[in-house]
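Heads up, there are several structures right after this.
Common to both upcoming complexes is chain A, partnered first by chain B, then by chain C.
Let's turn to the complex of A and B:
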């Protein structure tokens, strides 16, 4: 059984200015011990997915489709069951460690609290063990968040996410606010924990190069839907979707001055989710768009650009239909 | 809490107090050059008698000598003599202090119900509870306390006769023990209620907006994700972060406990500091006013010191690294 399965997930935020579809028909599966990366620009709906898994979306948000945690639909759970599942089945390493920790409570207490909520024993000892596991000295438990550095806070958040030994860890931009050295350390830690504990990891970031290092599989999101999916190395090196191509090209190749001096970023902004263009949502920024793209919104389909490579899918008119 | 932080705050409070002493002294010397003369409005009085009075009120000698004498007296707890009845200011204030602390203290505690109301209203922003509580607070907040006082006095005391019309106890009462206590309580209920209603809205509104500011904080989302119940998220994560503005407001209001409630005490003839101030202004009884100003300033400074020290406890970021 899959640890996590999203079936045709749609999330629509209700705002005063009208409905905003943030996630549109996403299907995604995570097996035990698998690492899947979810990439895309800000506003593409990737953090919405993280919140949707634990049913943390604002009240009134419209959610259709299914979110199955260990085969059980999160949106069919009673409140008590939902609270019991939160943090024990899946935990989230939240984005922005500075704001995710309560500034007026000691970090040790915040970890203990999670353990106690799920009737864990020896909360204090275990909180210290968790901190040590993520490479922080025991004394840090007595500190307040503002007394720690950005990297240390991120480690605290990871320790916190492990508090109730979840099978699934969702890491939402866990390295975004960190400098490169600390980023590498935190990534190494996540990878190590994932291996040691056999965790399933859903890794959300805008940084495609991070994902190719960490994840086996990759899903690229654009305007609320997955536009390309496949083994991460293959997707990164030979993208099928023009958006993935642009995303991959926006990271300079190390040691190549030409790419450094002339980064091929993507022009323009992602479309406003409340006013998506007709046809393919990417056509406005796409350099290979053809007239058909303004009317045709291609669904995710099997790609055949590289023969023999299985599991490649993309949502583009240029991507072949038949598998050879 | 760090000793350095405490020392810094205490020294700060003491120097503010010292400044107030100096300012207070010279303020009243500027206001009126010769209070003794104006006391008798040019009536014929022997020069020796005038001199004697000036000595009594510490108005002889140079400004510097007067100041030194004033500070020396102050250190002995001597605030000089009231122009009215020639009683020591310290004694008059001392008598008025307890009724005021009782009245304003009780009503402040009453008004602090507004804090709970405000937190709950802010937590469920836009709900029926929020709308009701906010409208109620706005309404009471915008009513001047003297007006509420007079309406209540007219209705509950004069028309219904439920409460006495004023004072601390029944005139000529020689009750003692429990019955004296009950009598005072009966007298205090109406003015305390009026003050409580006048202040509750402010607490409610401040607590509500402090709570609303925490609503979108990420740590609340994290607390929910951990599997916490909503009311626990509010109590253990939102409220501790919404405390500072409320503590500031409470500190200011507790500081004014010593200042009394001038309007309400006057309306209900409550023999407290507020009424004493009112009478001293009408005099004008300058030595009395000088003593009262010092007391009020000291009250505010002390309350702010307590608030500052509390900040350090409530929000570790205040203490620095």
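Let's turn to the complex of A and C:
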């Protein structure tokens, strides 16, 4: 059974300015021990998906479709069951949470509280064990958040998320605010946890290059939808969707003469989800758009060009049409 | 008006010269910048790279006179920074852009005001609305009329950074100090902003010091790279050489963890940049240095120098300079 399955997930925020359809028909599956990366520019709906998995969206937000954790529908759970599932089945390291630790409590205490709240036993010893597991010496338990560097606080947050031994960890931009060396340390830690504990990881970031090296599979989002998915290395190196192609090209390859003195990016901004154009939402920024794209919004479909490789999918008029 | 070019660099053609610069805090206990020498020529882009806390921001703040020097000197366009004369004109000729465009813009000022403010402060001659519109469109915000009356919250992060670049460039600076100019932006739009910055170098002869921890940025726009560690430049040289054939073990480690570099075995250094109030003796990098940790330095007989003898940049080949005992010794041995 899959650890996580999203079936036609739609999330619409209700605001004074009207409805904001932030996630539109997302299907995604995560198997036990698997690492899946969710990529895309700011505003494409990544954090919304993270919050939707554990029903942490603002009150009044409209959610349709299904979120299955270990086969159980999260949106059909009673409050008691939901509380148990949060932390023990799945935990989230939130984006920008480096400042979310309680400033007036020692980090060890904060981890102990999380353990007591859910699992109870030996909280103090286990808090120290957790800190050690994320590479912080036991003495750090006595420190307050302000005494720690950004990388150390990120480790505390990961320890906190692991407090109840969840099967699934959702990490939302866990390395975005960190230096390259510290980023490499945190990525190595996540890889180790995944390998040693069979943790399943949903890794969210706008940095495609990070995902390619950390995740087996990749899903690229644009304007609330997955527009391409497949094995991460293949998707990064031979993207099928023009959006993924532009994203991948915006990472210079150091040492490659083609990107020397040649910064490349993607012109324009993603569309406002409350005012989506008709047709393909990427058409305005797309360099291979054809007249059909203004009216036709292609759904995610198989992008098999080589026989037997059915693991690539993309949502583009140019993809998958040559199939027999 | 937009055909301007930077004139009058100092007699030797350098726009900035730093000589043995030291900046200290807390009564000298924190040596944030510890003996740095660097010169930047006209139309040159220098990337200053290194982990947080290594002194990059402090160094560029000292160039605009915001940090008093404990030692050394800085000249910009031939004038000494910190001297009485000409500070006002230097303020105009040296402009700075920051990492967080949102924090740098006043939320209650329109985009027009954001650009016009600098023109007024520096009493720039000309028709203000024309100057503002010209600056915005040169920064890629076209047509400018569409942006003039908007407010920062109505723009995307990338557009806000363009507004700040427009405001800086409207003053026709000789030198642009850019502190992590694209770090807060989506990877997809960084390239466009970097291309814009590079275009000012090529069209107006502006020089740029770009502070970053992103080596890809350096590969994209920098003529030279200076790698800083704990307040000191440990390797400097042409970008192709420093990133293509890094000599310092610290530079090599930094490159090895960049996902976009193929073929280097990952060398993750433990710990974070050490504390500038406790600079290690000897080579300041030695406690984290893989060459020392692996025992190689001792085997080859210079481990004691690494632990005991502080050192500065030495010429490797031509303009490529490195502060490393291992490199210095193998260079002498090779002669």
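Here, the second predicted complex is superposed on the first by the 311 of 324 C-alpha atoms of A that agree within 3 Å, B and C clash if a C-alpha of one lies under 4 Å from a C-alpha of the other, contacts with A are read in each partner's own complex, and residues count from 1 in each chain.
One rule holds in what follows: a contact is a pair of C-beta atoms (placed from the backbone, for glycine too) under 8 Å apart; a residue touches a chain by one contact, two chains touch by 3 or more.
This structure is a prediction, so every number in the text was calculated from the model and none was measured.
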Chain B and chain C placed together on chain A: clash or fit? fit
Of chain B and chain C, the partner touching more residues of chain A is C
Worksheet item: Who does A:281 touch here: chain B (first), chain C (second), both, or neither?
Response: neither
(Q) Is A:239 touching anything from chain B or chain C once the two structures are fitted on A? First, second, both or neither. (A) neither
For A:184, is the partner it touches chain B (first), chain C (second), both, or none of the two (neither)? second
So, A:91: does it touch chain B (first), chain C (second), both, or neither?
first
After fitting on chain A, the minimum C-alpha spacing between chain B and chain C in angstrom comes out at 13
Both partners, chain B and chain C, contact chain A at residues none
The residues of chain A that touch chain C in their complex are 41-42, 149-152, 179-185, 188, 206-210, 212-213, 246-247, 250-255, 259-267, 269
Per the touch rule above, chain C residues touching chain A in the complex are 51-52, 156-159, 186-195, 198, 213-216, 219-221, 239-240, 243-244, 253-255, 257-262, 266, 268-270, 272
In their shared complex, chain B is touched by residues of chain A numbered 51, 54, 56, 83-88, 91-92, 94-96, 99-105, 113-114, 117-118, 144, 146-147, 160
In the complex, the residues of chain B that touch chain A are 217-219, 221-229, 236-237, 240-241, 314-317, 321
